[in-house]
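Can you read through this structure? Questions will come right after.
Going by the order they are written in, the chains are A, B and C; count residues from 1 in each one.
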Amino acid sequence: MNNGIRIAAPRRTRAGKLRIDCLEKNRAVPAFLGVVAGLTVLSLFFLQIDWLRLASRIPDIGSIFWKLLHFDLSRLDLIGEALLETLSITVLSTLYSLVLGLLFGMLAADNIFRVRWFSRLLKSFFTFLRAVPTPVWVLLMMVCLGMGASAGIAGLCVHTTAFFTKSFAESFESIPDETLEALEATGVGRLGIFLNAVLPSTLAQIIAWTGMRLEVNFSECAILGMVGAGGIGFVISSCIQGYEYGTAGVAIFLVFLIAYGIERVFVQIKKRIR
Amino acid sequence: MEPILTFEQVTKHYPNGVHALQGISLSIQPGEFISVIGPSGSGKSTLLRAINQLIPISSGRVLLDGADVSAQKGRALRSTRCKVGMIFQNYNLVYRLSVLQNALHGRLGHMRGAAGIFGLYTEADKARAIALLEELGLGSFCYNRAGDLSGGQKQRVGIARAIMQDPKLLLCDEPIASLDPSSAKTIMDILRGMTKQRGIACVVNLHQVDVAIKYSTRIIGLSKGSIVFDGAPEALTDEVIERIYNTSRENLMMGGKADEEAYSANFAV
Amino acid sequence: MKKRIPQISPSERRMYGAFFCVIVVLFALCTAYTRFSPLELVQNSDNFWAFLREDFLPPAIPGAAKVENIINSIFVTVAMALAATTTAAILAFFVSLFGSESVSPFPKMAKVVRGFAAFLRNIPALVWAFILFSSLGIGTGVGVVALCITSFAFMVRAFAETMEDISQDCIESLQAVGASFPQRVAHGVLPSCLSGFLSWYLYCIEVNIRASTIVGMVGGGGVGLVLFSYIKSFRYNVACSIILLIAAMVIAVDLVTGRLRGELAK
């Protein structure tokens, strides 16, 4: 609370006009906006994009959409199979990562086991894993497991586990120390504290992160398709490259429907939990 | 004298089937200080917002200063709203802006074009806002963030914003429900003093019957969307209160619903 | 046998039980369908390590001309992400004003705007890239547009939700004062929500730095394309150093945005 006595002398600009803005302003915000605007203009020049040529081909987008909208249902069996595969990849990679993420998140949070150097090390390791693009992991896994869904699951797991570890550790660390101290005083072990206090009180956040990641992992299907790990992404990319726009249109539409469905379901779940 | 505000058979149904207002008719003279009392869900808030069309009414007419508000839209409605100041339970300030900027928001309705968008207020307005804030005891807080003030101080900024509009009518939606007793008294005293001094008619939604009796020149009792009492504070007998709240006066005083809500509102902040 | 005293209410218990069953069934079905087993991963890990040791390590540095090329491509990727996110943010700000029921002057239109954003958002960025590349041809500009579409749609939703959360009260009071729509935006929405908007903007920068690498691989240019061409020509040593460079870029951007987020929220 700001009850300090301050002299009420009206502030004036150089021109002698009365000022109305706050005394203590966050000067970082206008500076940030200026820098971002400058950098963006620089980037646009640096990229040397031929906007006129791009704009002149906008009608082509319309014609592509027109072709995509002429749904071709003759390959529905192929699409269905690929879609099921993608869904399985999404679910399995999220579930495996959830378990691993909880485990590593517990180890990486520095308020549970209190081994500073270990949690630091774990966090930096997962930061690195997260920073390497997903297609690289999928490609590496394909060397190990061959083409197919397994490589996709394993590849997605790397990134997802790293993501969960970071977010869960942050959630765990946001629990006030007093809560943990109170339990510690009763003589509960570290694991007991984690299972009885930390986990239940972060459950809502964990579910929110999981839902978010489920959405992301589903939309990564396109990435998997690109590198050849199967699924609906492969159908979309190969159909577009092979000018089978009707089939691609159906596949894209189904991807949209499922992604939208997942989003709606988790919006509902989040409301319920609150 | 010409009434400042007239309600003619105003009704409001919400899409979920709630009948918030049922055939309300009343008229308000300049200079009156009116308290609207009634249990939660009796339509007090809707009644207040029907006056400046923050909630559009379903049928009937609302006449403000002779003009039919319920038919107005766009610019005409905005210039009507200029004439009506409003104070909210949650203060509804822009917490990141200075106290002075928040008070000056009252002038926005009178400004057109770029000046209004970029907040280029006239020097006269600024000087007046500073003088008004000083009068309200906030002179030393002019350049503080509105979010840094205490509840009572925030509500005083809300009053300054409303007074800056030069309103003919002031609407207060439970102005003291989120405040501690001593701030609440200050706010009510300020409201009474400012409106009397400037000849502004004032409509206040209140939970506290004793406050209503102490300050108002006229009390309106609302129950289930209808007016069940309209008269001087002296005429507000225990039986009438019982009819408004469907409970005895003792229950109201000893931590009835109204007190409970004020209590929880106080501690939720 | 002693009956245990339940710790949570029966309805909650039933909900969690059902939830758990669904997950187990899903897990079983998906495992059966894909025949994925983590054991296989462990069994084949020799392959993996051998590949990593022999082909990837040590990271090699190509000739000086190539290095310049690679460094340049990193800047292209960053520039793509920055240009796409900023453009998307500016567009999203104006559109989200109409997508928030409490702010928009036409509240009935808000659902339409949000629906449109949901459509754009739920088609993955890479699919947009495929569609745009097949109609506009490959190139950096098209990559920027593809990134722009999804971040635009994402920010429309995020901005609209921020507005609903934060500025509903002050919008009401400005409405009561008689302020017009542009005035309400300038004096109510912008001051109260700007730091929230910026936080979402920073999040989108993080996402787009990653996405622009990936969109680059299929023809958007930048470091993704360079990496992919080295992988395709089996020069894994060089690819390895590029991957490390990408990781360094991503971590650097994350550190900067993390710092900025704290600084801007004050």
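Assume a contact is a pair of C-beta atoms (placed from the backbone, for glycine too) under 8 Å apart; a residue touches a chain by one contact, two chains touch by 3 or more.
Everything numeric here is computed off the predicted structure, so don't read it as measured data.
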Item to complete: Give me the fewest steps it takes to get from chain B to chain C if each step has to go to a chain it touches.
Response: 1
Worksheet, complete the sentence: Per mean C-alpha coordinates, the chain lying farthest from chain A is B
Worksheet item: Counting C-beta pairs in contact, does A-C beat A-B or the other way around?
Response: A-C
Item to complete: Averaged over CA atoms, how far is the centre of chain A from the centre of chain B? Could you give it in whole Å?
Response: 45
Worksheet item: So how far apart, in whole Å, are chain A and chain C when each is placed at the average of its C-alpha atoms?
Response: 6
Item to complete: Two or more other chains in contact with one residue: find those residues in chain B.
Response: 97, 101, 119
Worksheet item: When you check chain C against every other chain, which residues touch at least two of them?
Response: 194-195
Item to complete: In the complex, go through chain B and note every residue touching chain A.
Response: 97-98, 100-101, 104, 119, 121, 123, 126-127, 130, 134, 139-145, 148-150
Discussion item. Residue numbers of chain A touching chain C in their complex, please.
Written reply: 26, 28-29, 32, 36-37, 39-40, 42-44, 46-51, 54, 57, 60-61, 63-65, 68, 84-85, 87-89, 91-92, 95-96, 127-128, 130-136, 139-141, 143-145, 149-150, 153-154, 219-223, 226, 233, 236-237, 240-241, 252, 255-256, 259-260, 263
Worksheet, complete the sentence: Counting only contacts in the complex, chain A reaches chain B at residues 1-2, 5-8, 10-11, 17-24
Discussion item. Give the list of chain B residues in touch with chain C in this complex.
Written reply: 52, 54, 75, 78-82, 84-86, 88, 90-97, 101, 105-106, 108-111, 116-119, 158, 161, 165, 171
Practice prompt. Can you check the complex and tell me which residues of chain C touch chain A?
Written response: 23, 26-27, 29-31, 33-38, 40-41, 44-45, 47-48, 51-52, 75-76, 78-80, 82-83, 86-87, 118-119, 122-127, 130-132, 134-137, 139-142, 144-145, 194-195, 198, 210, 213-214, 217-218, 224, 227, 231, 243, 246-248, 250-251, 254, 260, 263-264, 266
